[in-house]
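Going in written order, the chains are labelled A, B, C and D, and every chain counts its residues from 1.
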Amino acid sequence: MKLEVNANLIYNLLSPSTIILNIHALRTPQQRVLEETLVIEPYIKFEELTIDQSENRLIRIETFKEEEITITYKAIVDNCFKETDHTNEEEISIGQLDTAVFPYLYPSRYCQSDKLFRFANNKFGKIKNPYLQVLALTDWIHSNVEYLSGSTNSQTSAYDTVTELAGVCRDFAHLGIALCRALTIPARYFTGYAYKLYPQDFHACFEAYLGNEWVLFDATKLAPLNSLVKIATGRDAADTAIANLFGNIEFKEMNVSCTALEENFQPVFYDASQLKGLSYQ
Amino acid sequence: MKLEVNANLIYNLLSPSTIILNIHALRTPQQRVLEETLVIEPYIKFEELTIDQSENRLIRIETFKEEEITITYKAIVDNCFKETDHTNEEEISIGQLDTAVFPYLYPSRYCQSDKLFRFANNKFGKIKNPYLQVLALTDWIHSNVEYLSGSTNSQTSAYDTVTELAGVCRDFAHLGIALCRALTIPARYFTGYAYKLYPQDFHACFEAYLGNEWVLFDATKLAPLNSLVKIATGRDAADTAIANLFGNIEFKEMNVSCTALEENFQPVFYDASQLKGLSYQ
Amino acid sequence: MKLEVNANLIYNLLSPSTIILNIHALRTPQQRVLEETLVIEPYIKFEELTIDQSENRLIRIETFKEEEITITYKAIVDNCFKETDHTNEEEISIGQLDTAVFPYLYPSRYCQSDKLFRFANNKFGKIKNPYLQVLALTDWIHSNVEYLSGSTNSQTSAYDTVTELAGVCRDFAHLGIALCRALTIPARYFTGYAYKLYPQDFHACFEAYLGNEWVLFDATKLAPLNSLVKIATGRDAADTAIANLFGNIEFKEMNVSCTALEENFQPVFYDASQLKGLSYQ
Amino acid sequence: MKLEVNANLIYNLLSPSTIILNIHALRTPQQRVLEETLVIEPYIKFEELTIDQSENRLIRIETFKEEEITITYKAIVDNCFKETDHTNEEEISIGQLDTAVFPYLYPSRYCQSDKLFRFANNKFGKIKNPYLQVLALTDWIHSNVEYLSGSTNSQTSAYDTVTELAGVCRDFAHLGIALCRALTIPARYFTGYAYKLYPQDFHACFEAYLGNEWVLFDATKLAPLNSLVKIATGRDAADTAIANLFGNIEFKEMNVSCTALEENFQPVFYDASQLKGLSYQ
């Protein structure tokens, strides 16, 4: 499906500064970027970065003047995600696991899977099929954690959310990831644009590594799984910030949108009777 | 200098298990591995892993029987570290920073640099030369944190150590890293064998990215900087565990040693009057 | 029922010191102390303290020499606890609540009831009878938290235990108290000797304020509710330490025992079909 | 000095509710309440409470209707604080300490003195006179912690503030208390009205127990020490909330003022050369 995304960010630079932005749509076999533009006003040169083996598409903006700048990103993306089948998904064997996914198996800043080991295994340890485990923990989060704007901050972690039971998409994703890892299922953070998300904003959800695929899950259930435009993945929000600011910078305003360029959008949510997954890999 | 290292680990496997070991000496231009052997008794096949772009040399051991196993690693290493000069070290410019080091600039599980921002900048922010900043924070840790076996556990983070002021090499390293990152200096965790460390054990210290080199620092000052045999680097201890165990495994015993094969070892510690660094890169 | 309790503590005093001990059996209408002796060897004078309006019986020992001391407490107690009926227990009205119990309604050091508000109300909020609420949360703790010696330390709080799901009697009690307070039921920490507790040690459980009585609950279910000899109550373990040590003191050894002086002991545990409580008030 | 204080609070009651208010000026030998009125509009009966041995003057308001209520408190107070001399203040002897102050010696919810033991003793342990210790730690907080509205929340504790180094009066007080207790100096939280505080609001500071007096300290240095009208004391903010709300209540607005009814106000701040204290006991 073709989707158009827009992001508009305004910063007031009070000193020479560096901004690292991560708002570009990812280019993957399942997500073709048909058109895109990034405009900074007033004009400032920027540099595309890639960090190590990650595919995330970062932009580095270096500024030397005190001024207000407006950054506008626009892209048209063809999102032809892959459907995966997990009917006979087998337990993950660490002995066979692809080494590239190991970093997503260990605790990270916001996903302290080691502290959630008993909790995860008591609640979901008896389920045999790992896909069904992730489905069950996603449902548990959805039923037990209240989506409540302003209830958390940048320090909130999965360890808090599992008890305080309130949060936003970032917190839902961190808890999902931490529970997966506590069950020895690699999991990573996913940021994106989401059609049908109200109010419109950047969205966060997560991917679990099942059957050698990164399968998308969203414990908020606020957006259809096939409505997303993927921006980045990482171990948690510390790896995939929309913006990292270095210098004396005042954040002024942000506007985000994601609209469908085709009719007949059929929203996809998972259904325990089908055991299908969606992958944006 | 030529050093011989030995590690001997005994595990009692109570179920089919997977062990990921990270005890091999790293191979770098500054650290040549002249000889090495890894023996598992009784015999079990093992597999060498590398994870993504990291050079860390991991071993995966997959077991199917309940038995006690003994893992013995031995290596002879020629450690010809590089000396670096930081007399005119300039403040790090994020705008020019090598993208490969970005992951070492952000907070991680045990190094919550975002929460130490004011602390680090109040104490060390006025020092201009970044090498002197790291030297100063290393000295501060050494003077203020008591080395006390058993005072911390696997959950202890830099945020705890900065206040509780007691810990072991792991905690000293985490605090050093967190303070560097809070000063916008990339820093990473370093595990190794250390000659002249008593009692003999694996050692942990840290590297700061200065002048496009990873320069070694050790806030414990327990081992000369030129006595180390590097095993691995990562964002913090979560990335560089000596062993990750999957299965029902009982840890029985560990012995580690590091001895010099040459006479006339001249221990190196930093000296604020010289502004020299050591790099094992 | 008549019970004999013994406590034997050995300390090595390395400097002039003060020890505040709280090991004396409480004197209440439901617990008569028939005989008791406290002996310190070598002889040191001690002073009985009471702190404010609390009935806890503290001892202050002031020492001036470096020496090893042995403190031996022995008492015979007649424990004729009150049985309370909660069949028609009504929801607590803050508007009518006895002001003396207010301190037990607020969060304390180890019982962060404010952070457990959603958790407690989601799980137990629909139960109408407050006695049944406390019974349900006690059962939940018993079923979900593993009793595991050495799994926690003096910093562990209810906020940790609700997620980490392992602990000792102290942790079970803190979690019980925090959940009660989150449900607007006053609750307090209870330390005592316990007959039929193996291995013999000091025990901790908690009291909830129901129908104007302090009713005993024990989420560990390790000792019959009628086997206890009450020592002290407080907001949490910070108020009711067995010993507070001021000075350079080495703890050497502790032995505790509690034996019945009567035959035909009928252990009492609660039974959801009866809605009876036990009060040592 | 005569001071007039006013507090005006507006709540929107969305259900039958109970409000426990603690805004009345305390009556002590050093603080005479010459006149006072409390008006609730529309009229609701209220009850004066005292909790245990505390002198704090609480009000319980029980409501049965959904309505908006306005609570207005006004008092004229004659504040004739006592001046205390600490020139020859001796180290506190736990062996002689008044038992009534013991609760203020132990860690509490927001004042984890046990975790600050090394920090406090490293920094202030060598100072002999306890008054000078408290003066030094107050100055340290004032110099190192930035007063920054909105930087903290109701979960922030002394353990956070000592590292994050930003906060409001509540956080300054908690850190002061925790450091005192870590030095074995009893300390308690103090809430009040403050003349010369801009913007006008309730204020929090702390008292340390020195020479058998509760001596006032304020690490914010935002208000002269002799400009306060004391409301309450407790172990920390958990004991002395301005309002505890039970029910579905929306906080609408609050206005506080404190004005002098006499001319020639001479502001008092401590001066290390004089070793004088102020007590509102």
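Here, contacts are C-beta pairs under 8 Å (C-beta built on N, C-alpha and C of every residue); 3 or more make two chains touch, one makes a residue touch a chain.
Note that the structure is predicted; figures quoted are calculated from it, not measured.
Visitor: Between copies chain C and chain D, are the contact residues mostly the same numbers or mostly different, with half as the line?
Guide: Both copies, chain C as well as chain D, present the same residues to each other, with over half of the numbers appearing on both sides.
Visitor: Suppose each chain is reduced to the average of its Cα coordinates; what separation in Å results between chain B and chain D?
Guide: Taking the mean C-alpha position of each chain, the two centres sit 46 Å apart.
Visitor: When the centre of a chain is set as the mean of its C-alpha atoms, what distance in Å lies between chain A and chain D?
Guide: The mean C-alpha positions of chain A and chain D differ by 45 Å.
Visitor: Between chain A and chain B, what is the separation of their C-alpha centroids in Å?
Guide: 31
Visitor: Name the residues of chain D that each touch 2 or more other chains.
Guide: In chain D, residues 115 touch at least two other chains, as defined above.
Visitor: Dump the list of chain pairs that touch, please.
Guide: Touching chain pairs, listed by label, are A-B, A-C, B-D, C-D.
Visitor: Along chain A, where are the residues that touch chain B in the complex?
Guide: Where chain A meets chain B, its residues are 18, 20, 49-53, 58, 60, 62, 93-95, 99-100, 102-103, 106-109, 112, 114-115, 154-155, 184, 238-239, 241, 244, 246.
Visitor: So in the complex, which bits of chain B are touching chain D?
Guide: Contacts found on chain B: 115-116, 118-119, 122, 144, 146, 159, 162-166.
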